[in-house]
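To keep things simple, chains are lettered A, B, C and D as they appear, and every chain counts its residues starting from 1.
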Amino acid sequence: MAEAAVAAPDWRVSRWFNADAGLSLRELRGRVVFLHAFQMLCPACVQHAVPQSLKVAAAFASTDLAVVGLHTVFEHHHAMGPDALEVYLHENRIGYPVGVDAHRDDDPARHPLPLTMQAYAMQGTPTLLLVDRTGRLRRHTFGLVDDLRLGAEIATLLAEPRPEPDPR
Amino acid sequence: MAEAAVAAPDWRVSRWFNADAGLSLRELRGRVVFLHAFQMLCPACVQHAVPQSLKVAAAFASTDLAVVGLHTVFEHHHAMGPDALEVYLHENRIGYPVGVDAHRDDDPARHPLPLTMQAYAMQGTPTLLLVDRTGRLRRHTFGLVDDLRLGAEIATLLAEPRPEPDPR
Amino acid sequence: MAEAAVAAPDWRVSRWFNADAGLSLRELRGRVVFLHAFQMLCPACVQHAVPQSLKVAAAFASTDLAVVGLHTVFEHHHAMGPDALEVYLHENRIGYPVGVDAHRDDDPARHPLPLTMQAYAMQGTPTLLLVDRTGRLRRHTFGLVDDLRLGAEIATLLAEPRPEPDPR
Amino acid sequence: MAEAAVAAPDWRVSRWFNADAGLSLRELRGRVVFLHAFQMLCPACVQHAVPQSLKVAAAFASTDLAVVGLHTVFEHHHAMGPDALEVYLHENRIGYPVGVDAHRDDDPARHPLPLTMQAYAMQGTPTLLLVDRTGRLRRHTFGLVDDLRLGAEIATLLAEPRPEPDPR
């Protein structure tokens, strides 16, 4: 994990599943956030990253870890719309919040790369992000991460002190 | 594999990918057919059965085994239409013929169970069918099959004699 | 992990590999100890627990985790003596300390259960023990543990504060 | 599998487990022989090749496939003697015949490479050999073989015709 971590930019989501519309990274400040960006028709996502995310959600269910999925569709938009995603989430029994990464002007034909994907400069899917209790980005990985190391990193972040409440 | 095998009914396909429109089981008579029925949003299919089918296609590429996929959509039809399937096949680099199991009157809303699925009395997806050189159904399994046994069964069928040419 | 953890009894070792003769749990006080008890001819040990222990040693190499193996032979003593163990450690490239669990009077024929195994009331092999920085036993599991949860538990213990130095 | 296969040389065994002393390849003529050469302290053997051999024995139990293990010890002889091997076979529930590859003059100290290993010019362990019904060597592989292809190869050999009885 990087020493000098930057503040994680908030996501831009056009629609949420399993969450209220306003869910934001700012709102989760104080908690560790496990954010996995995926596409429902990306083979490495469906074969490895999504099953691992479900395992993470189960293994850390008794902690205050926030598991969040982000559907970052940057190709084949017609086949991976929100209706199809809803079926995917149902079939895979995904109960944690999943947001649809928004496209500029809601127009993926003209702006195929979604906004959160751009804000994080993601290289593709699956991408794994870990945000610490203070809102800093501590891991950003394109591809797969080993279970043993992933479990250790999440627990390390969970053990860090909660920040002082925001003076706002 | 059953001793007294029945003739495998031909499939009913509304659209083919990676094949000409007329591909039929009758036309493949004389070859062994590995037929795997799947849905592109069924977790056990995409995590296990489809990767195994791709391995089968590669392992038996030098034989006359016919590998055929059948997209037997019996639920969530709106999310698994032919356009979405085309993306799925592209993303998973599936190069063998895949047919879309047809619905009566092309109307899945009124007739959700597709016709080939009904003809074979499939219980769900994934389903694996093996048809021998004479057109008889020799395996019909709902769920997953072990690689070692599957390789052995296919090779056993491949080693059986080709039938005499049809007099028609 | 148990809330009310007991002090971990020290081991009784008749011979060390990859360590000086005097290595003790007391000496490791202040560090987290990952202790895996195994037998070199136990199938679940060699197929799962030992490979996992090697992964733990690699994943936590930059931390102060102490990885220690304990050869707790309670059957077939003639086939798993120290000379055979030395070959096993060499072939599996195990570089962390491994102790041979001692038998009363150095006489496994009369006293087949080794002393550390008895002190911990182990049910068999593989057994996994986690000892925290203060010397308390925090996990004691007979059988296999999932990588994700294991990584998390070790990291959680590593994040706990070091105890005050012993006044002795 | 090679087109022009040579006759498989018979093994040289100093001791059998799970078989009578005289078991020979000649005696198995007419059957397909799956012969796996291993060492009980070789990591790739115990983690992969031996478990696969047990799966082969189970999957082909209803056929006339002969599964045979060969303990080809070429190093660390003191740690892998017949007494230790007996424990290994017991612990791993290996019920098929396993022979100890013989050393010249029964003197592994002077002649470390065992005789069958030399006769087959094996490169190491694990090594997999497949002998067809006529006694010809059809596969010789150092390392691991995929389950799907292995199942297919065994079944292909099983489907070949039995040779005419030897006139001798």
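By our rule, a residue touches a chain if its C-beta (ideal position, glycine included) is under 8 Å from a C-beta of that chain, and two chains touch if they have at least 3 such contacts.
Note that the coordinates shown come from a computational prediction; the quantities given were computed from them, not determined experimentally.
Where touching is counted per the definition, chain C and chain D have no chain in common. For chain A, the chain with the farthest CA centroid is D. Centre-to-centre separation between chain A and chain B, using Cα means, comes to 36 Å. For the pair chain A and chain D, the distance between mean C-alpha positions equals 51 Å. None of the residues of chain C touches two or more other chains.
If each chain is drawn as a node and touching chains are joined, the picture is one closed loop, every chain linked to exactly two others. Every pair of chains meeting the contact definition is listed here: A-B, A-C, B-D, C-D.
Those residues of chain B lying in contact with chain D across their complex are 52, 55-56, 59-60, 146-156, 158-160. For chain B in complex with chain A, the touching residues are 40-43, 46-47, 51, 76, 78-80, 83-84, 86-88, 90-92.
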